[in-house]
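Labels for the chains are A, B and C, by order of writing; each one numbers its residues from 1.
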Amino acid sequence: MLVFKKEEFLNTFKQKGWPSIKDERWKYTSLKELSAEKFDGPNNTSSFNFNSYLEGLNFLKSYLVFIDGRLNINLSRQPQDGGVYFSSINELINNNDTEILKKITRFNNQRTLNYLNAGQLTDGVLIKINSQVKEPIGLIFITTQKNIQSHIRNLIEVEAQAKVKILECYKGFDQTYFNNILTSVYLNNESSLELYKIQEESTRSYHISSLEVFQEANSHFESHLHTFGGKLTRNEIAVSFNASGSRAELFGLYAASGTQHVDNTTFIDHAVSDCQSEELYKGILDAKAHGVFSGEVLVRENAQKTDARQKNKNLLLSEEAHIDTKPQLKIYADDVKCAHGATIGQLDKAAVFYLRSRGIDEAQANIILTRAFAVEMLEKIKDEKMKEYFDKTLQNWFNHQTLH
Amino acid sequence: MLSIKNLYAKVDGKEILKGLNLEVGPGEVHAIMGPNGSGKSTLASIIAGRDNFEITSGQVLFEGKDLLEMSPEVRACEGIFLAFQYPVEIPGVANIYFLKSALNAVRKYQGLSELDAIDFLTLAKEKMKLLDMDKKLIDRAVNQGFSGGEKKRNEIFQMAVLEPKLSILDEIDSGLDIDALRIVSQGVNSVRSAKRSMIVITHYQRLLNYIVPDKVHVLSNGKIIRSGGKELAFELEQKGYARV
Amino acid sequence: MTSKNTNLKQFTDQEYKYGFSIDIDADAAPKGLNEEIIRFISHKKKEPEFLLNFRLKAFKHWQTMIEPTWAFVKYPKIDFQDIIYYSAPKPKKQLKSLDEVDPELRAMFDKLGINLDEQKRISGVAVDAVVDSVSVATTYKKKLAEVGVIFCSFSEAVQNHPELVQKYLGTVVPYGDNFYSALNSAVFSDGSFCFIPKGVRCPMELSTYFRINAAETGQFERTLIVAEESSYVSYLEGCTAPQRDKNQLHAAVVEIVALDNAHVKYSTVQNWYPGDKQGRGGIYNFVTKRGNCRGKNSKISWTQVETGSAITWKYPSVFLTGDNSVGEFYSVALTNNYQQADTGTKMIHIGKNTKSTIISKGISAGRGQNTYRGLVKVLKNASDSRNYSQCDSLLIGDKCGAHTVPYLEVKNKSAQIEHEASTSKISEDQIFYCRQRGLSQEDAVSMIVNGFCKDVFQNLPMEFAVEAQKLLGVSLEGSVG
């Protein structure tokens, strides 16, 4: 029988150590500060009133709430749809479900942080979707305690022809903590997942997440990832096409100020023919913020008729903000359409002047034009209620900024 | 001039031409009409020598020579010209340079001396006038950024310069407005002579008001099912293909 | 169809045109590398002490370094002790004029299409010919001297203008910059030196032809170009080597200094032996080329056409130090058979209002692997900097690879940086269209590929552009069937 031994994973992590900037994949993001911090595991949670944190999410008919990394069923609204099955990861581990244990421990073993995740596992969720689910499901992660680390492991399985929309939200009290999330997504034939994520963590927190997506034939994956919080954020998304006819769309927006560091790293593995991928990431960097985009598209031999597009656009708003971007194409097949692009620029001075000449002050003009830059990412969202919610969080970010 | 006998051809294992016969004499203009998928464009491609067809049986002779044995460039040098339905773009290659290379390749094959830049430009300018071509088009890359109408005009411009013996015009009228259609047709008619033949592939009788054919054929399901004079086109326009 | 195949075969059999070697009595050091060899080279060349010290420092540093492995190229480990580091063609006697050049050498350059006789050259290009790292002849010296331009072999410059060499050597590419530049700094034997004084527009194009002739010899030449205030020079570099089964190492360093308002245009057509169709032999080309736009409004343009070498590892770069300075990089890199190229540029924006342009065209055929690797870095004080990069790849066949790895690092908010890359293949439709108009398949491919490279070729001097187009045609023969 397979037993889940946390210590072994933790030992492996200790052997391998934290990723270093000498590793090409971590060239622009240093975890030195994070690795020096001391974190505890979360205590049992106090009875805090979370209503203000859940208010804006009333448009969701169902959501699961995680407090300090653990599923809190009392605060959750359980999905009523018969096509949705869910369970806490802790529960599944305690039941020693061999199938599930295998799935939990199946991850990219090149990535050392996955061992840390398994070795210190807090909780997470398994979601199985068996039919075309209309109502979106929320996964709300709220961190309330300071100096804690939560290692969250999620599994999302969408069965053949099934369909679902999932919204992940990350929020926390204004203090230091560390969230390390590993999510695996399995999309079976002709299935579809729209995964929405809003990260509004405390600007003193560390947020590292890795999303691994495996797509079977004719499946569709769409990601909308908007990052506003975190002292240091690293979002990794890796998509593998296992069978032809699939499509993946990755859309990201990151807005950072203060001394925030936000890194988006993506990897698309076109291992088979006739798949499409599209990526658009936009960044707004103010004050002393540091943005990183690293996107790799690999088109393997025989992955003919691949259509891969990748774009990263950045707006630098202040003298001390900076961006490192590295869009990469590695192509080993000839009958393919691949393109990538990256731009770094500032607000159009002529446009700022135009607004000012109409009586709008400079600060307001900057906000209007910066928002205009970001709006393209909202327009990519097809679900109206979701778009509305994302719009609100973007507005919320602007409300707390004095743009330079 | 062109003689097609009992031609059968397959694309991806599917039979497209099923025993097609066609005789085009010197100076004749033949119109081929027919519904979508009847094999019109396949026929044009086979005459020009595209290799994504499998010819299962039959014969195509051009001036008595076996056309099917020749590479596409040899056919072009022998005097066959295809005005493409969808002319391809070739970035970075200037239209004028492309055409000069083509003309000199053909002339070389025919044992004629190659034209130098000055003589070629004189010829090109004369033909451009004929087609009311914008001068800018000849310096741009081949077909790149051309509108649909400009692409068609460019095809006929090339035909006028190359002066082929047999021209196949594959839906040269698609995407053209009335004015452009008139100009393109003028260009085509200027090339007409007792020695030059044409096959005009079209859906519409309208084009045949400008380029008046000697014969009209109806192609359906891989075969020519009816042939007649230009009045056949009018009949088709009125009755539709289904009832012919 | 059979007739087509024989045509293609004839083409492929034509192969590497410059693959002959000539018996020239060479004066060579024993194999291997140690301090003694370096002292031997320095002594042979009667070098001043500062240069010997430069070499020894570089050698010490090199011993602490490890070979870089980050490039997308694969090759067996190089045994640096199995290489001859110095091989000079033995002059029959001391040369006083060009007429005294060894007739065998002269014949070799004739075969390469380079005539060393000044009178017979119609194009008016001054040539410095370098064989196995040693400069053998420089033409038009007198005429250039009249306007104050110094164009000579590096060794001559060391003897006649040591103060200039000492002032500029290693200031753009420090000896410890990277593994291969350190190696070069320790063992370089010769190369070209070029100095354009203040206000002078060099009256003719300067050209160096590099040739590796001796077997098992590494070529380590060093080029230094200094353009003083408001001067201009266009510099051409051509490279060939004989066919040999064993790989040969070429690790050159080129340094360019441009002072206020100076403009240096550096063009390369690199056609080292690429190895045979099975990937045997060929040159390992590990080159460090860098220019420093030290002065205000200065400009350095690199244009390269890389069709040769088994492995190309090369990133001609520009440090945009002076305000308003301009850096340009135009590149065509072609890999066929088993060739591998990892090439690109670095544009480092240091001064204000600096501009850079990168146009890279990579062509992969056969089993060739072609990587564009580039860095655009905008430092904090480089306000109002601009960069535009365009990297296009063309794939011919399904066994080759095309990779694009740009790094954009921007620390200034007023920078405008734009990078675009695309991948395409020659479509069947394009080839058929050309053939329908009467062009042969080879001409069609050549025309389409040259069209793809047009943005780069138009930056080459006329003479080179023609050569480059022909080279592409020859290098691609047999790649489309």
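Annotations
Assume a residue touches a chain if its C-beta (ideal position, glycine included) is under 8 Å from a C-beta of that chain, and two chains touch if they have at least 3 such contacts.
Everything quoted here is computed from the prediction, not taken from an experiment.
Chain centre most remote from that of chain B: A (centre = mean of CA atoms). Here the chain at the heart of the shown protein, by mean C-alpha position, is C.
The centroid of the Cα atoms in chain A and the matching centroid in chain B are 55 Å apart.
Computed from the mean C-alpha positions, the centre of chain A lies at a distance of 45 Å from the centre of chain C. Put simply, the C-alpha centre of chain B and that of chain C have 48 angstrom between them. Put simply, chain C touches chain A in their complex at residues 70, 380, 393, 395-425. Contact residues on chain A toward chain C in their complex (touch as defined above): 24, 301-302, 304, 314, 316-346.
By the touch rule above, chain C contacts chain B in their complex via residues 1, 3-4, 427-430, 432-441, 443, 447-448, 450-455. Within the complex formed with chain C, the chain B residues making contact are 48-50, 52, 71-73, 75-77, 81-82, 84, 87-88, 90-93, 98-99, 101-103, 105-106, 109, 141-142, 158, 162.
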